[in-house]
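Below are two complexes that have subunit A in common, paired first with subunit B and then with subunit C.
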Partner chain A sequence: MARVGVFVCFCGANIADFVDVPTVVEEAKKIREVKFAVDYKYMCSDPGQQMIRDAIVQYRLTSIVVAACSPRMHEKTFRKALSDAGMNPYLLEVANIREHSSWVHQKDKKAATEKAGDLVRMAVAKSIANEQLHEISVPVTKRALVIGGGIAGIQAALDIADAHIPVTLVERSPSIGGRMAQLDETFPTLDCSQCILTPKMVDVASHPYIELIPYSEVIELNGYVGNYKAKIRKKASYVNFKTCTGCGTCWQKCPVKVPNEYNMGIDKRKAIYTPFPQAVPNKPVIDAEHCTYLLKGKCGICAKFCEKGSIDFKMQDEVIEREIGAVVVATGYDLWDATPYEEYGVGRYKDIINSLEFERMVSANGPTGGLPIRPSDGKVPKTVVFIKCVGSRDKAKGIEFCSKICCMYTAKHAILLHHKVHDSRAYIFYMDIRAAGKGYEEFVNRAQVETGAVYLRGRVSKIYQKGEKLMVRGEDGQLGREVEVEADLVVLATAIIPYKTNPALAQLLGISYDKYGYLSEAHPKLRPVETAKAGIFLAGCTQAPKDIPDTVAQASACAAKVCGLFAGDTMKKDPMISTVNNEFCSGCQNCVQVCPYQAIVTEEIPLGHGAREMRTVAKINEGVCQGCGSCVAVCRSMAINLAGFTDPQIINEIVAI
Partner chain B sequence: MITLSYKGNNTFLEAVNKKSGSDVLECYQCGKCVSTCPVSNFMDFPPREIMQMIKLELKEEAQMANSTWFCLTCSACSGRCPREINIPAVMEAVRHLAIEENFHPDSKQVKNIRKFHEIFLAMIKRYGRNYELRMMAEFNIRTRNLFKDMHLAPTALLKGKIPLGVKSMKSAKAIKKMYEMAEKLEQLNK
Partner chain C sequence: MKKVTYFPGCSAHGTSEEFDLTVKMVMKTLDVEMEEIPDWNCCGATSAHTMNESLAYALPLRNLVLAEKLSNDTMTIPCASCYQRLKATKVHMDEDPELAKKINTAVVGEGSYEGRVAVKSMLQYCYEDIGLEAIREKVTSPVSGMKLACYYGCLLTRPKAITRFDSPEYPMSMDKIVEALGAKAMPFDFKTECCGASFSISDTDVVLQLSGKILEMAKESGAHAIVVACPLCQSNLDMRQHDIEKKYKVKYDLPVFYLTQLMAMAFGFPKEKMMFGKHIIPVDSALAHIGEVIEEPKKPVKGKKAVQAESEVE
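Up next, the complex of A and B:
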């Protein structure tokens, strides 16, 4: 026979003002199984908890009902009180008479009291069917996988590795460094990007806890938090990195010229190449799409000149596997292609470039030696127009968000232009100047006052050619008049978008993404680095556009999350998860479809005892299951039960009202 | 339509900055000066727009605007300017440049304002302070509007708002000397 104790809380005035608490206690006492019922001003306080502990011993209670606030608030508190008294903590039921009664029925105390009584009756009935449950321990593989070797991935990998946790860093291109390696100087302090980034890149390569796998991609991820298995495809580099010294003879001799991605196609690289001189690892790879030997079987000049014999044209892609416990996704961003801006003549006029192209031009290690030039005639421009919000904040072009960093880097570009070409002027068409950040507003002022950059408020309506010049027409909103700038060069601050491979990656990782391809965080404010899938975290522009300080902060936050996850040898998990009764399972797999966590797989079991024929049943991975109950709801043969919310418990609740 | 391009330094901006001792580039176009200004309603281009014109080197337009002439130099704007620009000094600088280059509006209003300035300065030079009654009379004569505000005179005189004479000042000579020095300096600067 069940012996239930009921503890009703006043919650100061929160409950007591609108619910007659003593009446609820009296109602509870009328229930046959209730052997003890009491009220108290603050049940969550230590004296309140002591009342529970004492009553458990004194009245030999078999389950406890606490009628108080939301279980989200204090379920853990009261569970602990139960276990302190030597009782299984899962024999607790919380009747939420605050959020579900007193707060929402403030105008009718009588009805609120009645409802509170009903909630208590339901909780008592449910608690009678409660079973003893025990926390699940899940073993943890203490290795993190970081996808993407830009500044986000580098920072996350270094922070995790510094905690002596092994990291596998996978980078798609031949070198780590990402977008930041392409930048010249960085706002708001104008530190040289290379100077602050390359030491970190070298740290990654030399860190004993980091395994760097460049020129490769993650192609599969299975398992669950703490126990993932990743498959990584190492693309054939055709160069034996073990023997290659990176001397550079091969790329000097290679006759094939290909547009250089690192320099945004402004100059050419060879078919065998390292992306840039400070690359990590500083070993060349052969671009199979352009190598004459790999395409036609002729040439092979690089192999002939390589003293170490490191060129291996027979090299194949290789798939390697790693067992990991957590994933940090840091795939970065791309620039939106501005071709839809036909009114600007994008693609028609050579002297319209995007901001990364400008960045490469003014970069000290750039293709023009740090001087901006007009692509059409190679002349140094004097009048440069910068157009912000190209794509961004343009619903008609399909992008509604603000790309966040353009205001700042455009101010930086104006300053850099002034540094590189003293007799020049920047005209900046803007919609708003969004300079929220430490030292940012001051930086924009610096662009305006020190370099005399002219800010014109308005969107450019069209660009047309007139002789050598590009005529940029817009409105100066400050004077309310049409203006036309005779520009030598036009730089478009095009929208920041995620890599086009993001949706495919999200699908293989089993995480969600938005309509633009940005990966979705679990909660926009309170869980900004976690995804809805446990053990997968987001850093940098893969989640939303952000600048370097924000990216580094988020990457370090990811590292803290990973380290927290790996703090013990096993992870404790709530036992309230689903289980399948194979006897009843018809193998319809509806549950597989609805499970938002991909926790349900199928397995083959013998049709009957000792039978040879097999049948399919659902199998729930207890490491992945979060106990949401979706599978229980769709299971038409009632084969799935959710611990803590079993059918008898729910039916008891219904019967009680 | 305003056509813009880089044609060397913005000399207009440089001249205004030098004369006013303020940097017009500091202006971030918030418009607080406009809403503060007691006479901006009467201006064709309020102070904020004058600032933008200086930035864009729209020299002729700035000089032809009546705003710099209408400015009372009350300094309410500069007292509230978040960028600490001395706006009346900027307005004055534009006005002075306009006078130097003899390129300014020749509307009746602006002509009258110039006359008012001239008479006022002459009064100070002569008496060391303003001789109000004489100033009004001279202004009415020179603007050929003899009876302007005349209906206010009896009440103002009876209530002692306008003294009939002007008290002599000890420092009147010193002020005269200041005028002479200022004129010499002006000659030197030319």
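Up next, the complex of A and C:
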């Protein structure tokens, strides 16, 4: 005879205010198998758990029902309490009377109480049919896949590799480095971006535990935490990296000029190119969309001049596979296209540029030799207007969120402008100055005091051309009047958004993303680097806009998570998975098709005992099965059983109400 | 032959007679038959919607209901203000059922509103329903040589949520029409700036300042004249021009044409039929440019070249 213990939680006022907890206890006591029922303020607290442990021993209980919050919250806690008392932890059932009753029926205490009673009755009935289950151990593939080689991907890869865990780093462009490689000096200390980044890039290339696969993309991911299989497409580079010395003859000779992405299109690169001199790997690739030979079969100049014979026009894309245990996604950000700001004349005026274009201009290795210029006539601007929140915090034209870093880099731009053009002046239109960070407020103050930058609190309503100047008309909110600034150059701090390709990537990885394409963390506060899918983590601007310090911190946090995951040789897994009863299986394979995790395969077994003829049955990989129950539902022969949710358990629940 | 319902509005029968007249000429040439709404009433602009919301909807609504009694599916309106009031009423009636219930009963005397008729400004009708191709086909005496600044004012394309036509900040439909007539539309940043019309009586200085800026920028663009598609735009920029010139001690001498006047001329109607005598700023200096060849200045590009999407071969 089953002996069930019921523990009903007040959850402070969360449950008790809307459900009459003592009544639920009294109701539970009426059930024949319930030998003990009690309530308590916080069941999850230590004294609460002690009550459970004591009752198990004292009343010789055979299963436990905790009526409290969602099992997602504390199922683990209570299972542990059971095992501490020597009881199999899977003899626990949680009746969720908070999310499923008190929170959603706040206006009707009587009904909420009745529903809570029903939920308890169901849980008690189910628990009677519970069986002892045991955790499963699955082997782990100790290799991490890092997608994206910006500072986030670089940092995560290095930290993981330093723990002697092999890493495969996949970067879409020909070189790692990401946006940080495009920056000049960095706030809040004004150290040179390249100088602090390049050593890390070199470390990646030479690290014995890092396999760097540039010019590639992940195209498929199968499997489950600890045992993923990734397919990676290596784009044809048409250059044999093994023999190429990176001498540069080919790109000097190539006659085709293409807007240079690294310099935001301000100058040109060749069809065969390395994105920038410090690129890692420092080997050129041929851009197939623009190479005359690949398009028309003519030219081939690079091949003629390459002394090493490294050019190989026959090279094809290649798909390779890697077995990995965890994934870090670090695919970074792009700038929002400000074309909807028609009142600014975006697209009509050449002398309106975005912040990364400005960043490239003032960079020592930039296309203009470190001087800002007016794209229209090449003159050095004296009056530069910076407009913040272009697209950010603008529901009507752009996006609702704050891009977080623009306040800081615009202050930096004012300083850099002052350094490069001493007799210049910056005017900065802003909504708020958000300088929350170590040394950040001081940095903004420095920009204001040192450079004489004029901060104007207000929005710009119009930009129009008058002669050579751009007239920037806006509001000076502090003086409550309209201002017009005659500008030589206007720099827009446009919103930070994820790459357009992020949703497609998220879909192939099976993780979620928000309406902007930012990848979603599992919990905004308590699980900021995990995704909802076990074993996939997020670093850097692919999750939300952030500066380099935050990006690096999150990347290192990812590394810690990966190392934790790989700490043992095997991984523990919940035993709630499906198994096929061969005797009943007809081999229809409906389940194979319906399983979202591709956990089901088929196998051949003898038709009868000792028979020679074979028949096909379904077989479930216990490592892959996530216990979703889809197969159970489609099996017409009732051959599949999901541990923890067996037919007797479910039927008991139904009968109980 | 197309048919369209016509809501002239009060200015068409008064101050902007020449607009009404040329609209009719142009439509005839373009094979469009216009059917005026019988017994139409005031649209309520600009006083009704600042005083009484129900009245502001009820007045245009009566016109919308009357328009539904005709068999045409589109109505066109020359005045931007009337257009704005009728279109706003239509959008709110179509999309706010609560309001529809409240207001509909107010004009129940004329029957109830069904939302069958599309409301378009004259500009929008020419651009969308007639189309540039059909306009170009009818041009017999192109007005080439004229450099024009197209002024849309505040109501033809705004607010976007109501008008749902062209860009609210930098519209191009009128520019494209005048180009179809052979003229050159100049890049003009002030094409949707406020002219200050609401302060016409109460604070004329504001009008002089705002309209003055529009004239200044039109002049700066190199235009010989301004083109408008609204009686209020026309009267503000034309009538106040001398005051502005006097106050700021400048000389603009920018005639302000109705779009349809230029269309009618390009369609071959003689200039005497345009009622140019009603204009304050004489139009002859601008019309004298017709037939001139406009040379495209070739700007030498120094320094950083424009970003080019396509690759180039050395």
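Quick notes
Just so we're on the same page, the second predicted complex is superposed on the first by the 447 of 657 C-alpha atoms of A that agree within 3 Å, B and C clash if a C-alpha of one lies under 4 Å from a C-alpha of the other, contacts with A are read in each partner's own complex, and residues count from 1 in each chain.
The rule is simple: a residue touches a chain if its C-beta (ideal position, glycine included) is under 8 Å from a C-beta of that chain, and two chains touch if they have at least 3 such contacts.
These figures come from a predicted structure and were not determined experimentally.
Look at A:Lys404: by the touch rule set out above, it reaches neither subunit B nor subunit C. Within the superposed three-chain arrangement, the count of touched residues of subunit A is higher for C, of the candidates subunit B and subunit C. In the superposition on chain A, A:Lys466 contacts subunit C only, with no contact to subunit B. By the touch criterion defined above, A:Lys200 lies against neither subunit B nor subunit C after alignment on the C-alpha atoms of chain A. By the document's definition of touching, neither partner reaches A:Lys283: not subunit B, not subunit C. Subunit C meets subunit A in the complex at residues 167-170, 187, 189-190, 193, 217, 220, 302-304, 306-309, 311-314.
Residue ranges on subunit B touching subunit A, taken from their complex, read 1-6, 8, 10, 13, 23, 25-26, 28-29, 48-49, 52-53, 55-56.
Across the complex, subunit C is touched by residues 255-259, 265-267, 271, 290, 292, 342-343, 345, 348, 350, 367-368, 373-375, 377-379, 462, 464-467 of subunit A. Residues 382-383, 423-425, 427, 445, 448-449, 452, 454, 457, 469, 476, 478-479, 481-487 of subunit A are the ones touching subunit B in the complex.
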